[in-house]
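First subunit A sits with subunit B, and in the next complex the same chain sits with subunit C.
Up next is the complex of A and B:
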């Protein structure tokens, strides 16, 4: 079926014989309400579960809001101030969890920005099996964090795990406590996350690489540029918007870390790897201190927006130079 | 950067033709390249194979040293444990995950496609405001909505029910943005022809736009289903009754209940991954296409 058929035929079928010219004319201009009717279903859900909570969350954070208590007294900025009071236990624990999330972002983002770029450059060549390899590297990403968690908990089990067994074969006799001691817990969380999500960033890069004008490479070759020159002067500048995108979403995704830590280390040792989201969820959903948990999530969100903005500005300044 | 709608696999870089001699030396030069690719493939896939292999072992074989990649005795003990223990109703979890995933996907497709079409093709008061609001939430971290949405879901009496999984996450700003971009790329003439034929907006959408948009709609469907299926934190906290859990939330329970009965835990993990791996095998190009385009927003 050609597109022209598609355009006319089905519509004609649908038109009832009694439909007259005036009706058709009003349809041409469209009902005044049509756009709103089209938009309404989405906007209702969006309003109730995105717009309303964005404001409602602020309101909650200004109250001492316990899920099970009838009275929720107004505390103003009390929840926020307490989180900046170095003598308050909740502040100590919150910033400990922020430190854990910060460390995870710091350790994981460089790997997740650089390794997928290398992989994308490899996959950007034309060779037999290219689509297959891309599919294999992306595969772990389609698994859920819970599968990743229980799987790697088994693989990294200090005594019965496959990883320590193979390390022993390589001569590392001491069983490495991957899930219970620093610095191994960090290696675990970062390593597993890199394995899990690397394919996503690689695919985003790959699309970016294919968007670079090939005549730029030809021009560079004519000018006698080496592969390295090509990379620094054609590939990287061409990837700039994609690079900004990848760095931004990777920082956001890493700052959201929850499942890996929840399932693999459970926050151990002591609360070294208890991440911010883990602590927010514990405060809100396990201790039901929802006002406090809301205040925490806004502090984390503001920090993240700050980091993203900084990142964006840095990129723009570089672009100007 | 321009938004590209070409599938990534269809744009091979032009390569100058090589002389036969050079081609042979090239072929040899490819060996280390393929070796690296293969080594990486093993690293990426081995853990998944190990999960499947373990799920068919006996509990003893799962911890035996040296580890066996192929089960010494094939056993479905792990699966049997899961299917018979009333404390871990995995079949219920599987059904719950399916219901939540399908419900969520249908709702995302219906609402996002309609909204995206209005934003792409209609002129109305408040259009820029609506689009601005939707786009501005694309980069707001989701955890900000956790606490207030928990209370809203509670107020609707949806806690511990499938509604909590199907509806709130269906407000997909990404879906609207993604489909709007595609609708904008469709030639206007087709819709105008239908309009001249007397079709109304709904008919045009239903009979012209949707049939032309099956690829991006499939992409969004697959991504939405995967997202819902794999969601962990939200179901972990809004569902309470063991009967009502989804598979990912159930896996956490399973892990606590079975600890070192690795075949049983891995059997649960296999059940939780099987549907997504099958979808991935079948609809890989839609997933890759969706992810590819997510980076080309700028």
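Up next is the complex of A and C:
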């Protein structure tokens, strides 16, 4: 919507020049449909692969739906109401999985916001081998989730894993159940995710840092600012838009956690680490209760839209202050 | 260019988009057709022009290579029929082939695990084979009864069994010998099994690594044990879970005791037991011959043997699965392709000795009794369990109840987070909910 608004803006503003020099106008601006033509390739893909399935999903969520059965009884809001009925099994399990997702967001986002920032500050200095280290920290991000899942499953295996083997050599005799008991499962999931994705956030910060006007630092130094002052009063305010982007994108990415938990813990212990997306996939694609799974997806999506909006509003209010 | 018309308003633009989306959505929701299928009559054998049958299955391991060899052999015997095989992981297979059938792109035939047959029969994506079995010349007396019955759902046959793979006891001879136990005489009952584990434990060897978390499903050992103790997983109609009865609790308690007594390490994950076995750190492994015979044979210097599961309860019983051939529903059946399919099914059933090399026991009795089969020592040992094999009940949706409700509960107990009675009771309550929902869903589908 906003894209369409922005695109149509210049056309309206340029009405006056158009009357005096119509040829120049048409040469410069082309058809009034031009913006839409430019948008079309994206809109077609977006429409076919995002909008249409999303709308179809609403329709599905109002039925007791199974792809492969001809009878798909209409249940109205039944699927949604059931998710808010505390006596229904599916509701209990769904909110349990939402809790797991929530915990993961809570545990992982602070690390994923702070550690890459520190890393970016270090990598922004001039020192020999800087490019090498930038590549090293970014490298894990290139790996697919299946690769890191299998890799860490081997490393963290309680009885036959390399990490417990080395810990034993260091004198920690008790095998740590990294993948099967709380709180270790959370340490594992958060640790692996931070290791895996910190490179991405660090690169975004790095770009932000390079966009901060160096004269601001010089001015601060002239005023006698220490390094700490510089960080709080120049770097951080300069990074505000980048920070907003990083926090929003990290919350969304963490809320969509699936692969790590699916491959590493399989939801164990109990359903402690069975995340919302995992439960939705299980309900929809293993048990083929697609209607229920769609309803769950919409609740999750609405919650995430809510969280992101809140995030934007908070940052905007701070900006005004 | 003039500006007689303003650019399309935002509302019109959005309206257009919403309209397109709505039309696309409604167009996409055609429901599949589940009406009864009459297979056309076809001639005996196929001698027409060359054609290619499409055959989907989940044989992605060493078993896939053996199936491909068999297909080549079939091609030599029947040069005008080529069977083209597509293998994908079983979990993808069960998601993809129904979609292929519904969208009119069905393969000609497939191989599936018996506990998925009832579900897919209820979905109408595979067709009834009552007449086909006659046509192919297969009758009950050629098969072990339980195996033959496992292809029948609601008095109609939907699949033709190829093999049986009962869980069996694999034992590491070197570990047993090192502990002073007879490597040629593995324990076969509860007393001797526990005594052997005690002897091993006294020497610091955990003899029965019991997986507590396993993506392949942690509960087959439990299934076998509760049958041995006289239990049942579900009632006959599949409307109620019975695994929280005394037999189930006793079975799970016995497993838990193995961990508490040091017969198993705690928190054993997926393939740990297997890795430990191959490294001579584990004496006993419970598992299926289809996966293990080839897997263990491929390890150099590993000295192992296999016998049916020990009798821990008061009767013998082993969880078993069976690979079964199914014919996929087509929009229209081509008599030529059907004739070729029958030719293939008849050939592979008669030649299933070749399939025994993959590990499982062929379903055909005459093949199991043949001299060629007797020459396969591991498979022959596994086949001793045939009279005592148990299958999941033939209820639509049963596998999801096992894998998403019962197995996680067992995992919970073996990880030490819940007591057997408590976890099984909760799972039974959850299962009741899903069983009822499945019952309604599939009943409506057939109505």
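The criterion applied here is as follows: the second predicted complex is superposed on the first by the 276 of 321 C-alpha atoms of A that agree within 3 Å, B and C clash if a C-alpha of one lies under 4 Å from a C-alpha of the other, contacts with A are read in each partner's own complex, and residues count from 1 in each chain.
The rule we apply is simple: a contact is a pair of C-beta atoms (placed from the backbone, for glycine too) under 8 Å apart; a residue touches a chain by one contact, two chains touch by 3 or more.
Remember, it's a predicted structure, so these values are computed and weren't measured experimentally.
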item: Partner chain(s) touched by A:114 [first = subunit B, second = subunit C, both, neither]; value: neither
item: First (subunit B), second (subunit C), both or neither touched by A:177; value: second
item: Which superposed partner A:267 touches (first subunit B, second subunit C, both, neither); value: second
item: More subunit A residues in contact [subunit B versus subunit C]; value: B
item: Partner chain in contact with A:106 - subunit B first, subunit C second, else both or neither; value: neither
item: Touched partner set for A:160, first subunit B, second subunit C, both or neither; value: both
item: Partner chain(s) touched by A:56 [first = subunit B, second = subunit C, both, neither]; value: both
item: First (subunit B), second (subunit C), both or neither touched by A:134; value: first
item: Partner chain in contact with A:255 - subunit B first, subunit C second, else both or neither; value: first
item: Touching partner for A:38 - first (subunit B), second (subunit C), both, neither; value: first
item: Subunit B/subunit C common contact set on subunit A; value: 4, 8, 11, 15, 30-31, 35-36, 43, 48, 51-52, 56, 60, 153, 160, 285
item: Complex interface listing, subunit A residues touching subunit C; value: 1, 4-5, 8, 11, 15, 18, 22, 25-26, 30-33, 35-36, 43, 47-48, 51-52, 55-56, 59-60, 64, 66-73, 89-90, 153, 157-160, 175, 177, 179-181, 265-271, 282, 285-287, 289
item: Subunit B to subunit A touching residues, read off their complex; value: 1-2, 4, 6, 8-9, 11-15, 30, 33-34, 36-37, 40-41, 43-45, 47-48, 50-51, 54, 62-63, 65-67, 107, 110-112, 114-115, 117-119, 122-124, 127, 130, 133-134, 137, 139-152, 167-171, 173, 176, 187, 189-191, 193-205, 207-208, 211-212, 226, 229-233, 237, 247-249, 251-252, 254-255, 260, 262, 265-266, 268-269, 272-273, 276-277, 279-280, 284, 287-288, 291-298
item: Touching residues (chain side subunit A, partner subunit B) in the complex; value: 3-4, 6-8, 10-12, 14-15, 19, 23-24, 27-28, 30-31, 34-36, 38-39, 41-43, 45-46, 48-54, 56-57, 60, 119, 122, 124-127, 129-131, 133-140, 142-147, 149-155, 160, 162, 165, 195, 199-200, 203-208, 210-211, 214, 217, 241-242, 244-246, 248, 252, 255-256, 258-259, 262-263, 277, 280-281, 284-285, 290, 293-294, 297-298, 300-301, 304, 308
item: Residues of subunit C that touch subunit A when the two form their complex; value: 1, 3, 5-8, 10, 13-14, 17-18, 20-22, 24-26, 28-29, 31-34, 95, 98-99, 101-102, 123-125, 209, 212-213, 215, 265-270, 272, 275-276, 397, 400, 403-404, 408, 411-412, 415, 417-418, 429-430, 433-434, 437, 441-442, 444-445, 447
